[in-house]
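Here the structure is laid out as structure tokens; the discussion comes afterwards.
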Amino acid sequence: MLPVFILAPFAGSLIVIFFPSDQRGATAWFAGAIALVCFLVTAGLYPFVASGGVLRYQLDWIPELGLNFTLRMDGFAWLFSALITAISVLVVLYARYYMAADDPVPRFFALFLAFMASMLGVVLSGNLILLAVFWELTSIVSFLLIGYWHHNAHARDGARIALTMTGMGGLCMLVGLLIIGRIVGSYDLDVVLASGDAIRNHPLYLTVLILLLLGALTKSAQFPFHFWLPHAMAAPTPVSAYLHSATMVKAGVFLLARLWPVMAGTEAWFWIVGLAGLTTLLLGAYFAIFQQDLKGLLAYSTISHLGLITVLLSLGSPLAAVAAVFHIVNHATFKASLFMAAGIIDHESGTRDMRRLSGLFHYMPITATLAMVASAAMAGVPLLNGFLSKEMFFAEAIETHLVNALDTMTPYVATIASMFAVTYSLRFIHGVFYGPLPKELPKKPHEPPRWMRAPVEFLVLACLVVGIIPAQTIGPFLHTAVVSILGERTPQYSLAVWHGWNIPLIMSFVALSGGVGLYFLMRSYLATSVEGPPVFRLLQGQRIFERVLVTLSWKWARSLEQSLGTRRLQPQMCFVVLLALAAGALPLLLGGFKLPPLVIRGIDPAFALLWVIGIACAVGSAYQAKFHRLAALVLLGGAGLVTCITFVWLSAPDLAVTQLLVEIVTTVLILLGLRWLPKRIEQAEDVEDLPLRIRLRRLRDFLLAILAGGGTMLISYAVMTRPLPDTIASYFLERAYTEGGGTNVVNVILVDFRGFDTLGEIAVLCIVALTVFALLLRFRPQADSLETPEQQRVQNAFDDDHPDRAAGDSVAEYLFVPSVIMRWMFPITGLLAAYLFLRGHDLPGGGFAAGIAMSIGFILQYMSGGTRWVEERLRIHPLRWMSIGLLVATATGAGSWLFGYPFLTSHAQYAILPIVGKFPLASAILFDLGVFSLVLGATVLILIALAHQSVRAPRAHARAARAEKEGVR
Amino acid sequence: MIDWLHHLLIIPILLPLAVGAALIPVDERNRMLKGLFGFGSTLIVFVVAMILMRIAANAGNLPETGIYQLGNWPAPFGIVLVLDRLSAMMLCLTAGLALAAQVYSMARWHTAGHHFHSLFQLLIAGLNGAFLTGDIFNLFVFFEMMLAASYGLLLHGSGPMRVKAGLHYIAINLAASSLFLIGVSLIYGVTGTLNMADLATKLATLAPQNRQLVETGAAILGIAFLVKAGMWPLSFWLPPAYAAATPPVAAVFAVLTKVGIYVIVRLHFLVFGATAGASAGFGQEWLVAGGMLTIAFGAIGVLASQAMGRLAGYSVLVSSGTLLAAIGLGHAGMLAGALFYLVSSTLTISAFFLLIELVERGRDAGADVLAVTMEAYGDFDEDEEEEEVGVAIPGTMAVLGLCFCLCAVLLSGLPPLSGFVAKFAILRGLFDMPGTDLTTAMSAADWTYVMLLILSGLAAMIAMNRIGIRTFWASIEGTVPRVFVIEITPVLVLLAACIFLSLQAGPAMRYMQATADDLLNPLFQSERVLSAPRAGGQ
Amino acid sequence: MTELAITWSVLLSQVMLGLAMACALYRIARGPRAQDRILALDTLYINAMLMLLSFGIRSANTIYFETALIIALIGFVSSIAFAKFLMRGEVIE
Amino acid sequence: MSHLTGLPTWAAFGVCTLLLFGAATTLIGSLGLLRLSNFYERLHAPTIATSGGTILICVASMLCFAVLQSRWIFHELLIIFFVTVTTPVTLALLGQAALYRDRFEERNGVPRKPNPDSEKGTD
Amino acid sequence: MELIVSVGIGALTASGVYLLLRPRTYQVIIGLSLLSYAVNLFIFGMGRLRVNAPPVLDPGGVGDLAQYTDPVTQALVLTAIVIGFAMTALFLVVLLASRGFTGTDHVDGREQRHD
Amino acid sequence: MRTWFPYPLLSTALLVMWLLLNQSLAPGSILIGLVLGMVLGWVTLKLHPARSHLHRVGRAAGFALEVLADIVRSNIAVASIILRAGRVPANAGFLTVDLDLEDENALALLACIMTATPGTAWLEYDRRQKTLLFHVLDLQSDEVWRGTVKRYEAALKEIFHD
């Protein structure tokens, strides 16, 4: 039966949201029906619960982690369920009339039902974590409910503060619950409840306690977390009535009560909970007096009453716990009715400001009467339920629980707070309903519709009945609840109106008379004063909280983000280098690594000379890169050349060939790009003139560079002078010819042993080419590099100035002889590419080298003839080549599937062809063909896409100029 | 039949590769066609990934099914693909995200530039390759493939923001790639192998000096991965780049950082696991420190973000930090939770990235600035006329709002969705460490981690709350955005996946637990890779 | 004897070629004008090619020939790219 | 260098001489880069390397391998041929670029572009 | 031999890293190229250096394996060269695009006051 | 034949190059060389390089020797100039010469020869006025250098017969 409590409202919520928004009645009926069903089910379950049974339901969620969907209903949970469901039925009924016709009610009721479900979940959870889940759900849904009228700034702020506070508390509570789970070894509530001693004696008890209290106290709006609650009043009144009577805020005290057997009774508990409770009790009541907003008054009164319950729970005596539970119920009844009454007043008169309201008894006598009874219950007037629980509270307050100052103070504080309660209750009644007839109300007040008042009537009746014959009405239910909390510790108590003349009665009397007196003393002040209590008015919790939140979560966060982070590249690079240095150095330093001895013997002078040149190139390139770009590029070429010779020297011709080819293409590429960079003229840069910061930065970078260079040097030296371990290379050497079918082991590795790498690598090339192509299609050169280069302009001008020269003669002449040679080079590079390709498997070369070589042939044509010239003659489809290349390579690899082998299994054989003779027929050749095609396509595409910018730019330039001219006209 | 299943393992790499290649020459005017083919390919990959996950969950640990020897060369000589629960899970996740992003892109974003679908397919191929490969150099190749495609996709649509962010992104990652190469080659130079499993077996037997060199290599390699994973202070490029990317691209990028994490998980547990001798647990404390700093920085960034895109970017950091620290703390119980968190947070952030653009479509930029400044100075219009009649929310906004709420709940780890389950699982793993006494079993680092986890959730809650209120509740002059069904559906599907994950948390967690157990048993794993038989019975 | 002679003469010629490269480098570094640098780069390429040939002789292996051939065949491409850049301001029009 | 021991003395002598002369020629050519005073003069320097140096060293290489492998090896001819063919492209382009730049900046006393107007104008 | 190569690697790395940390995009791309040379040599060096070892098998027979150079690192370098080339091209185009959009060749897309 | 080999000379040259590269005269190599020559010939056709016809191949051989001798001579001359450069100021200068040569390929060849002989550098050829501007390192007498160029030109004209 238990899942009904959760499922029905949630499902109802999902259904209701799809109701048309003008169907206020139907929506309310539906929601009400669901609430009613829940209530009836609760009622039906009473006999079982009353007999001491505990209803359980369990559904596996994450059994491994001990988190299950466990529902559990004992007396206490039952009492709460009954309260929640009953009040929700009433609130739905009330809201049906309260909500305006234009309000999007489906959303309201959907959220309402969801909230009810979450709240039921909290009280019915049989698993601590599940409880936390529902706990946070109530926070989230209440956020949406409070912000229902989200076009109002107050509603938004109220909702946000509520969520921030309760959510924060909930997260802390979760940690507390997790620790409890760890201590106990289970999250199951029964197990937890049975292991109170283990928890209380655990060293982490205080941590757990504080974390749990952070959850409970924020939720219950206890000092100093109380301030979210008055702001939550921005919600529609039915929501307030619901949230502040039976649910939400009660969740906090529910948790305290639920875990009371486990957590209570220690000194820490007493101090923390008691102090928070007492402060809240007093301050809440005091603040309530000075509110001008009806709902504000009720809100602070709620805070105060919750403080009262908290104090009761803090005392640690079973009898106090009984009183707490009792007061929970009582408070729910009178507070719900009061909120509804306030809502009616607001609804009918158009304002909630008590300075403007008076004499409403005249217009709405029934409502007034009802409100008066409920207020009296709130004030603790005898014969009403509030009185009973308050008497119990007084009785407990004067008992001595622990000998300390707090305990001594309790009765006095209780009396004073009670006095304040009388004052604000009286103010609520007297100020609003009596006095002169109101003037200038937005609406002319009258009695509300019959059924809008019905819930209030019902609740007030309950106050009365319980107040008069408690033992017969609430008694059994209360007993069931109390037994389920206290078990064997359940004390003897009597629910009676009259306990004889005793101290509590005197305290009540003092409070009553004092409160009445206080009200009449302050009456005139309150009638005109501004909102909020004197002195404390300046100390607005919400304001402070907002400020703190804004400071912490916005201002500080922003400045922290800016100081901890950066959006500039250089510092980021710096960090990468630094961390890499640290990562490289630390293991060696910490491990006490010993550097290998320096071996100077056997140095080839020519090689040394070569590297002197290489290093000079590298350093020179670094030095020149800022102002002499061309020089830097030339020097870079030099460094590349030295690298290439080194590869040859160290027996790696394949690398040398590839490096060389790539080098050439890269140079052309960067030169193509150089045209679009801004002119950079060397300023007379005097090092002395530079600010210190710059010089320091350069020094730092220089040092980092030296460290990085030194580091790689040392590591590479250390590894290179070490004997070669048993590597996988020997496997390749053994099998390259016999199984891979090629004598060039490097190439066999590339196309066979590790062909998959090559496939990935050409895919990278393909991707980059596509990216470059796509990006350049959207390329917008900067205005100053848009026009043709200066040289061309001068040369074109020269041609134009001389009548016998056609445009473009200069360039034609310039390239006349070179282009003849360059044109003939095209077939020759083609042949070279074919040569490199075909010999690849046995000798240095291969598809990649061939592809690059061929693409250089193409570039040569572009350089000699220009883009248009070439493209008029050769139809180039680099995209197609790339696609085909990649597909051929993939398909070759997949071909081995046909023979039942894994991808890329190569089949190598030397076929004997007529005339040609022995010919290598490895499937790897086909793979290499794919590589060739792709590399050719990609390289050509990249270079040509860049080259095309020069053709596009003048057009763009002309367009821009034309547009400008038209704009001027 | 067995054979067919066997080749299935490479489909997630090959199919996108082939489709991506085939789509290149197709005219850009047929974008829809390209998109459909791309979608079909991803769908197949997704199905295959599902099947693989089933295989991995049931019989995946047999060398006959989970190991694919490319070119029929046995490990450690050839390249092998290794299927286990972790890689299968990552494949599924990637394919799922990719599907969503792809559908989303077809509404409008794929028209922002050329070759979107090809690049997208190639990105998937790269990602899947990185997840499957068991060879560190091959990992480099796939890393580069994935990165190259991500560069292309980040720049998709061009524009100053993207290009600026892209420049930083590319520069940093190129530097990181150099580190990657140095690290890999150093490891090879000392151990003579490139296969991860083989490395794991070799490490224990190395001489101390050699082992230190391997550690150096691994540490340098680690920096390369951490750059990708977004650890502070290597991650400043990330939020701008992710915020600048087009939404479908950003959605897939959410999984990109996870590749870094994935590799760290892989190598950390395989190579520096229990069998590593003196190197066991190498670098853990650094991961913990870095991870925590990353969480803190991410959370601060989340709070400080004005724009949702940046917020999402910082959320990525939070998620990375959480995972890094969880890995570093190295408690066996946490690992399963961390893996669950990985999946959940990736799905969430993806959904959020997709959602952001839809939400922001109808917004007025000026109103934003005003709202921000008002908030910054704590000013509120106290005297605003209160009108206590609700305003109906247009259907589109309602759906967007709902999605946003779900995202907020997921990001901040609030119950009941998977974000919460994940955090709970991590925390529970942390608290449930062996050791009789909780106070001594947990170190200061553990407690700090707990605190950061909670605080980061709180930061996300506050920030999402703030931005959500500003967007959905306080928008002064917003027009209802035009949203296509194929744009909102992916968001809903991703969020539904999160919800599903929350509901099915039990089975999911069992899977994660099994995954974690696999990871913690490196010996078994390397045995499995190295003993796989060759096809053709050799 | 022959071995020694060959060893030394190869070494000597390599050193000479190295010095030749150094001369080219000097011109690259000093300029003064861009065309000087490019001219020197071209020289550097040729010198490197000769160095490779001498290395081929030294190691008695023809496998290094291709590298030299490639320099001879397409090494000039980068030089003319530079030259064209100087003359026309862009490499491909 | 064990492979080279297979060379007969006469061949070794020839190879050495050719090689040394080739390298020396190249060095002289490159020295020209240092010692010649302006760009146009320096333009001649590399041609020594491309013609003299290349030919000598290539012949040395041919001789060496022809003797070593006992068959005619001519592929160095390709190098000679290609170097000869490609050098003018570079040098002519560079020379022209220099000419242009110098004319533009009016320095180094370069001849002006033969102006068609001035000649044809008298017709 | 090892000494020279490692010094060379160190110098290339240092120059490359210094340029990586500079503010102009062109400096960065030159730096990346230098760094990639250094990395290629580094990878190559990890297979140990061998002068005059035949890199190509004799089809007749494998013979002594120890006389060959390590082909694995060479294969790795080849892959690295290709990828490095691709990335240089990409970075170049991106820096051009950045320059086109922002009007400056500063890496951050806007001029700082100094550098 | 023309359809198969649009540039017979080119195809032959490619075949020779292929054989030299492969260092083999095996039928297989020749076949592949022929095929490549053919295919590359077709591709080259698209670029329309100017055709030339060689006549008098024997004259060409003689001319080649002549040039070779010039190269050797000028190598020595230039080398001595460089070595003396410190002491003796170089006597360099620009020269122009009118050329009648029309054939593009012949002109290119002339450029190659002039560049290959150190001491002369081909600088600028004005196609309209058919004048060549070249630079000479050792400008002893204008006429001698002009004569040399004219000599080459005459030989080339003979060979190419235009």
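For reference, chains read A, B, C, D, E and F in written order, and residue numbers begin at 1 within each chain.
Note that in this section a contact is a pair of C-beta atoms (placed from the backbone, for glycine too) under 8 Å apart; a residue touches a chain by one contact, two chains touch by 3 or more.
Keep in mind it's a predicted model, so treat the numbers as computed, not measured.
Enquirer: Determine the shortest chain-contact distance, in steps, between subunit A and subunit E.
Expert: Tracing touching chains, the least step count from subunit A to subunit E comes to 1.
Enquirer: Mind listing the chains that sit against subunit C and also against subunit F?
Expert: For subunit C paired with subunit F, the chains in contact with each are A, D, in label order.
Enquirer: Measuring from the mean of all protein Cα atoms shown, which chain centre lies nearest?
Expert: Looking at where each chain's C-alpha mean falls, the closest to the middle is B.
Enquirer: So which chain is the furthest away from subunit F, centre to centre on CA atoms?
Expert: If we average the C-alpha coordinates per chain, A ends up farthest from subunit F.
Enquirer: Across the interfaces A-F and A-D, which one involves more C-beta pairs in contact?
Expert: Between the two chain pairs, A-F has more contacting C-beta pairs.
Enquirer: Just how far, in Å, is the C-alpha centre of subunit D from the one of subunit B?
Expert: 58
Enquirer: Quick one: subunit C and subunit D, Cα centre-to-centre, how many Å?
Expert: 10
Enquirer: Could you work out how far the Cα centre of subunit B sits from that of subunit E, in whole Å?
Expert: Distance between chain centres: 29 Å.
Enquirer: Counting only residues that touch at least 2 other chains, which ones in subunit F make the list?
Expert: Residues 17, 21, 108, 111-112, 122, 124, 126, 128.
Enquirer: Could you list which residues of subunit D touch at least two other chains?
Expert: In subunit D, residues 1, 29, 31, 43, 45, 50, 73, 75, 78, 82, 85-89, 91-93, 96, 100, 116 touch at least two other chains, as defined above.
Enquirer: So which bits of subunit E are touching at least two other chains?
Expert: As it turns out, subunit E has residues touching two or more other chains at 20, 25, 42, 45-48, 52, 54-56, 72, 79, 83, 86-87, 90, 94-95, 97, 101, 107-108.
Enquirer: Spell out the part of subunit F that touches subunit A in their complex, as residue ranges.
Expert: It is residues 10, 14, 17-18, 21-22, 26-28, 31-32, 36, 40-41, 43-44, 46-50, 104-105, 107-108, 111-112, 122, 124-128 of subunit F that touch subunit A.
Enquirer: Which bits of subunit E are touching subunit A when the two form their complex?
Expert: Touch residues, subunit E against subunit A: 1-27, 29-31, 33-34, 37-38, 40-42, 44-59, 62, 65, 68-72, 74-75, 77-79, 81-90, 92-97, 99-101, 103-105, 107-108, 112, 114-115.
Enquirer: Tell me, which parts of subunit A touch subunit D in their complex?
Expert: Listed in rising order, the residues of subunit A that touch subunit D are 791, 794-795, 798, 802-805, 814-815, 817-818, 821-822, 825, 828.
Enquirer: Sort out for me which residues of subunit C touch subunit A in the complex.
Expert: Going by the criterion above, the answer is residues 11, 14-15, 17-19, 21-22, 25, 28-29, 31, 34, 37-38, 40-41, 44-45, 48, 51-52, 55, 63-64, 66-67, 69-71, 73-75, 77-78, 80-82, 84-93.
Enquirer: Quick check on the complex: what are the subunit D residues that touch subunit A?
Expert: For this pair, the touching residues of subunit D are 82, 85-86, 88-89, 92-93, 96, 100, 104, 113, 115-117, 120.
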